[in-house]
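Consider the two complexes below, in which chain A is the common component and chain B and chain C are the respective partners.
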Partner chain A sequence: MSLSDENMKHIVNSLSEEVLTDKLNFEFLKAAENEASRLESGLADLKDYVISGLKQSGHEQKLANFVLRRLPHIKQLHHHLTPEEHKKEPITYIRKSQLAWEKRIWKSLNSMCTELSLPLARKRPDKDFKDMNRKWSELGSDEPNLSQIRPVYAPKDFLEVVSGVKNPNCNDFPLYNNWGLIQATLKVKSLHELRLQYSHMSINQAQSGVDDLTRTPTDIFQGERNKLAKKVIKSCMAGAVQEFLKKGSPTGCRNQIWNSILGIEIGDEEKLYYDQLKNSVLVHDLLVDNLIYKDIKLTATNDDQYFVFEDYLYQVLLPFFRDLVILETIKKSTATPAKSYIRGKLGNEEYAVFYPPNGVIPFHGFSMYVAPLCYCYDDPIMLYYVFRAFYARFFHHLHCVSSHQQGILSLSLLFERLLQQIEPQLFYHLCSIGVQPLKISFKWIIRAFSGYLCSEQVLLLWDRILAYDSLEILAVLAVAIFSFRKTNLLQIQSFQAAEAVMNDLTGLKVIPLLQLTLFSE
Partner chain B sequence: MSTRLKYTTDLDKSVLINNFEKRGWIPVGPDEDWNFYWATVQTVRSIFSVESGYRLSDDQVINHFPNHYELTRKDLMVKNIKRYRRDLEKENSPVSEKDEMGRYIHLDFIPTTYMLPADYNLFVEEFRKNPSSTWIMKPCGKARGIGIFLINKLSQIKKWSRDNKTSSFSAPSAKDTYVISRYIDNPLLIGGKKFDLRMYVLVTSFRPLKCYMYKLGFSRFCTVKYTASTNELDNMFVHLTNVSIQKQGDEYNAVHGGKWSVENLRVFLEGTRGKEVTDKLFDDMHWQIVHSLKAVSGVIANDRHCFEVYGYDVIIDDNLKPWLIEVNASPSLTSTTSSDRIMKYKLISDSINIVIPPGEGPDVRWNKIASRDNYGNYELLYDEELAAQEAVAQDAKGKVGRLSNKKPSTWK
Partner chain C sequence: MESANGYMSQTNPISCTIKPPVPIKIGDHKVEFLTGCHVIDVTFPNVFYVEIGEIHFKNFYTANLTIKVRTRTTEKEGTSTDSKWKTCLNNYQLMPDPHSDTAAEEYFVIGKQHVLFDLINVIAVRIIIRQPSPVWKEFRIEELKFYKASLFIPKEVKLPGWLNDITDNKIKTFDNGPNVEELSKEMQNLMATSQLAKSCSNNSTSIRRYDVDGCYDINLLSYT
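Right after this comes the complex of A and B.
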């Protein structure tokens, strides 16, 4: 596919705009200045000299990495008369569903406030400020009274919304009616397309997550893989690293590999920014803080894989809900962040603020997006930036109704289509006893399987998300698990029994399962 | 052969009984003809005592060695390891090499330890070298964290000095003898919390030494954030990881019981610190365990009827160096959580499969070389017999014996 000139121009413009606002720009200026100061010959050579200097010092590679990272996320070119809301979400009925959904959760949050007579936000008294500051690294030990707080919504509620999205232009003629829950008409990839997309995962290629598990040749494979990993990391070429990751990362190199692809470097600026976020946590007490507390207490604290990281989760999530960088991402997506007004100024736009400041209202299980990362990063600040990058790039798609290919709607539809195609008998059996498969798999997908698989397997799965820059693998894995448990599922007659069969996924090895589903036959 | 074995046990624990019943074994009383006895240490001691006159026959297997306490009593373990090091030194073994500070390079795996009151003066001498150090006092004959306290001033243990004996004629009984060890005050913290490791080791014979390492160990976490501050020396929730202590804290979580699997620990360490150092840490632990067993192999009565599952307690410091804290002869078979119960059930099952090969009756005359298929979640840690065979085979090939190699070749 060749790009039209106009499109090309748009991409170049958007990228250069992004570079200018990124800290990369500052870094470049400084480096250029540095090079220029070393110039010995005449001024006429200045430009060439500086450019070759920047190349040598690795700045050209940094720019290339930046372009690679941002390229897939450039918004497509719109006609100049396209209305704003259309740019966010082109399909009207989907846009309406998302708006209605937002209204609903917003209402439920408000009613909780009224019921418990809690403000959305308040300034922390001096004493609490000092207290919290002192206990910053052990927030888990002192728990506010949360008995009244309940999660605003759970995956189950969201599934209702997702399955209620319906194309009004589509008639109810039975032949066109889906067997599944998803009624939206979107284009999703076929098995064949997925095979091509994930061809690096095919069975004839050795993978981390499969070939490091077997007995004898494991040392050889692992050794080679480790050597190669160090080599690509050293090269600083994000593209090469991403190619490498398609076959999974050795556990010991994962943090560096992910950093390289996500473009994460922690310098003074990042530390300062995190400190500012931390300070805003200390100054203001938000109602969402309670939701986060409650969520962590209900999930990670009770999880025998993640409980040791409880205190890290507070240090990541409390600042996260105040991060305006996330707000910018949310604004560009289908979601519309809720607004709140300073007391007494209701409806006055001048006094409107986004609430929560990052524009995200957490669902039950939100903290599980962070938990697996704790197995790779032992420093809360590092953890923060990695999580933020993951969220902005992938996870926010998982709880927002949109026509985006990575969105939960498309993923759910992809899951149903694939399962129908690969396991028609199973799908038919489940539907005939009134068990919609999506009712079981939805919670896995919305949490990107975190908390369902054992942590190592989650990391191997997220390797593939990052490497192929796509969440579609989640739907494929959900299908793979159904296939794997098919024999048992074909014998059951009720939803409870089906849930029991699918309850414990901790023994599964995801990569062989994915391979089986994608490449058998 | 599928004879139904007769078992008896002193402990009414479901993880044991379920295992025996699953195998279709028949329960009998301890005075009847049993093939397999899961006994308490007291029972085993009385069975093997001279007075009992009890003779075990070839088809009887029991779960403790008669004088296991050489390894499992805190003071005796230290004594045996110290002697073992001296013996190796006399032989000029490369293993007993010391650094310029006079510390053993390869055998420095227990914190400096003294008996009180016996070694009081030695301790004082050591303490004065580092007057600000913290030490931990443990009564010799107790377990589960009972009677343990921390000190950082000599005045706190005046009671145990020799000059202060109230009745100078009576020798101190085991009840008031203590071991005092340098406290590992720089433990590795995860999520800000201190933990220790519980590893299970199965020994089927001490001469030749045959031992297996269980892969499903776990780490036990303190519920409260760790601080080395001396103000908190009395707060046992900070310092002791024993479940029986932590259970009493407000923060105790009954779902996971503060237990984190060793596999998780490994993934975490590899992910955050890298593969090389993690591999080294686990190799070091295996090395320590083998040498602690070698240290007592000469003094343990190596009865053919016996096997034993030891609970090794290890603390890792922030340089990723493991320290052997103590060894338990009867690791708890009470399950605190459901995954705990599954793990302990497997532990018993896998242990039985190595001790009595499936499909065969118990026969203590067998060579005790378990088939790899019966390892379950165990891995062979060290088998002196196999190692010797391997060495012979290597010599036969004309290769030089790997004397300088610090690790036995059967590992991994």
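Right after this comes the complex of A and C.
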């Protein structure tokens, strides 16, 4: 790709700005100071000496990793007249849809508060503060009264919104109307483009998730993969690690591999930051906490695979909703964080605050974004930062209407287009009996399959999300599952029957399914 | 005034008259047949001719455009008007995929690097906008403005002094004997660096607040 000078300058400037505000800058200064203090010869060599010292101590590689991590997320250079709202979302009808949807959510949250006579946020009484602090690692044992709390919205409600998004400038021309539910006129990748993108997953390449499951002796393959994994981790080169992950991660090294790509290192600063978030949880009682409690009870606690991690989920999710780093991500996306005023100061901008502090209102199933990660990380603080990185990089796209290629709208459209192309007969049959395939697959996609597949398979799938830096694999997998259950689906005549066929996905092996769909022709 | 991304925003555009777009038709004019091609004529009423450095506009579902200009030419016998339309930008792509939303509402700047020749002595501009896809009800360009010079001024990031000087060879003069001024400058840089390091260590540990003076009592969300 050729870049104009302007764009190149913009990218370099944005990256430099990010480096200067990152803690990496501080690390560099510290290291440079160290190097300088060790200088023995004349001052004339100072700069060369410091620079070569920084290279040798691995700081150059750290900078390269930082650039690699941030480069795909640099916002494009905008024209000087571009309004802020346009920078967030360039397509007007999509922006309007998201705004209308947000208002609905806010209204529903407000009416729940009014009905139950609960405030959105209040200071926790001292006694509760102490109780909670004492029970921090076993919060699940002492739940608040949740009988009247209900999730603000479920994937089903969101599907209605997503399928209602329509471009008013689009002609009602039968040929251009999608047979599926999604009417947005977005560009999605073709099967051919996906094949090229995921070429490392092709059938002639040995994969974790396939070749370690066969009956033939797998120790050779696993041994080789483990050896290579250790080598790339040791190299500290995030790019090499990401390339390695394209063929999946050996179970034992997954946490290190993910940390390397997401740039996660837990130092004193991170621990302190987490402690401050924890303190915010103790000080302020939010209604959103109750939504999260309820969600965990309804999903993870009810799940054979995840109920053991219940207490971990509280320790991650309660601080998460108070983290302002997430608020910054949300502000840059199509979503708008909800606003409110401190009690008694309505309309006074000095007392305007965002609610919840991180700008995210959870939906039914939100806690399942964290649950599978508990299998890889046993330290709640590490778990917290990994989840936060995953959310900021990927998951926030899954519950916001946007024209982003990773957004739920694009993924839903990609699913429908691919299914029509790969299984036209099946798509036609399902439509003719009034079963829109997206009505079945939407809940899988919005939760990134967490809670539907067995946890090991979810992790293998998330390996590929991280390695290819894309959520598109979710739509491909949804198509693959329809293909796999095709014979059964062709015999059914009702929505209930279709749901029954697709109800249990726990026995599926995702990587062979993906390979079949992408590369079988 | 400089905006965040490095554009000067206080230059006035060249005053001009933009006529409404005229759809191009084929054959019988009474028959409705959409060719997906409109022409926009622009004239500059208050001046004889203008120099155009940049053309700014916001797209609305136009797939590509061509820009033609009519110029005043200075020939041997004096000044005369060239009646021919000369193409300065041919089939410039605005939407990479005309059937989908990508870049359909994007802001564009056509500068000197895009056009075939310098736009000087311009009398009139003709913009031909096209949309070959039948998916869309309408297409146009909005907020069309002409500027004499480029508004873009690349913004430089201020790097710490010790980084800025890396490429300098000035320091080599030390080899020939110490230079007090240079030396003191370097020492100052070093001191600035250590100060910066200290302030960094203070800043990075402080948490930004979501509450107001420790208070976060909220009853309802506020929206209109």
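Simple rule for what comes next: the second predicted complex is superposed on the first by the 520 of 521 C-alpha atoms of A that agree within 3 Å, B and C clash if a C-alpha of one lies under 4 Å from a C-alpha of the other, contacts with A are read in each partner's own complex, and residues count from 1 in each chain.
Assume a contact is a pair of C-beta atoms (placed from the backbone, for glycine too) under 8 Å apart; a residue touches a chain by one contact, two chains touch by 3 or more.
Quick caveat: nothing in here was measured; it's all calculated off a predicted structure.
**Student:** Output check: A:270 vs chain B and chain C. Expected answer is one of first, second, both, neither. What do you get?
**Tutor:** Neither partner.
**Student:** Looking at the overlay, does A:23 come into contact with chain B only (first), chain C only (second), both, or neither?
**Tutor:** It touches chain C, and chain B stays clear.
**Student:** After superposition on the shared chain, which partner residues are touched by A:131: those of chain B (first), chain C (second), both, or neither?
**Tutor:** After superposing on A, A:131 lies clear of both chain B and chain C.
**Student:** Taking the superposition as given, does A:157 touch the first partner, chain B, the second, chain C, both, or neither?
**Tutor:** neither
**Student:** Looking at the overlay, what does A:255 touch: chain B (first), chain C (second), both, or neither?
**Tutor:** first
**Student:** Go through the superposed model and pick first if A:354 touches only chain B, second if only chain C, both, or neither.
**Tutor:** second
**Student:** Who touches more of chain A, chain B or chain C?
**Tutor:** Touching more residues of chain A than the other partner does is C.
**Student:** Regarding the shared-chain residue A:469, is it in contact with chain B (first), chain C (second), both, or neither?
**Tutor:** Neither partner.
**Student:** Enumerate the contact residues on chain B facing chain A in the complex.
**Tutor:** My answer: residues 190-193, 195, 221, 224-225, 251, 253, 255-256, 258-261, 263-264, 267-268, 270-276, 278, 337, 339.
**Student:** What does chain A use to touch chain C in their complex?
**Tutor:** 4, 6, 9-10, 12-13, 16-17, 20, 23, 25-26, 29-30, 32-33, 36, 42-44, 46-47, 51, 77-82, 86, 90-92, 94, 103, 106-107, 109-110, 113-114, 119-123, 167-171, 173, 176, 184-187, 269, 272-273, 276-277, 280, 283-284, 322, 324, 327, 338-343, 346, 350-351, 353-355, 357, 403
**Student:** Quick one: which bits of chain C touch chain A in the complex? Just the residue numbers, please.
**Tutor:** Per the stated touch rule, the residues are 3, 5-9, 56, 58, 61, 96-97, 99-109, 113, 134-138, 143, 151-152, 154-157, 159-160, 162, 165-166, 171-172, 174-175, 183, 186, 190, 193-194, 196-197, 200-201, 204-205, 207-208, 210-212, 214-223.
**Student:** Contact residues on chain A for chain B in the complex?
**Tutor:** 137-138, 141, 226, 250-255, 301-305, 307-312, 374-378, 455-456, 459
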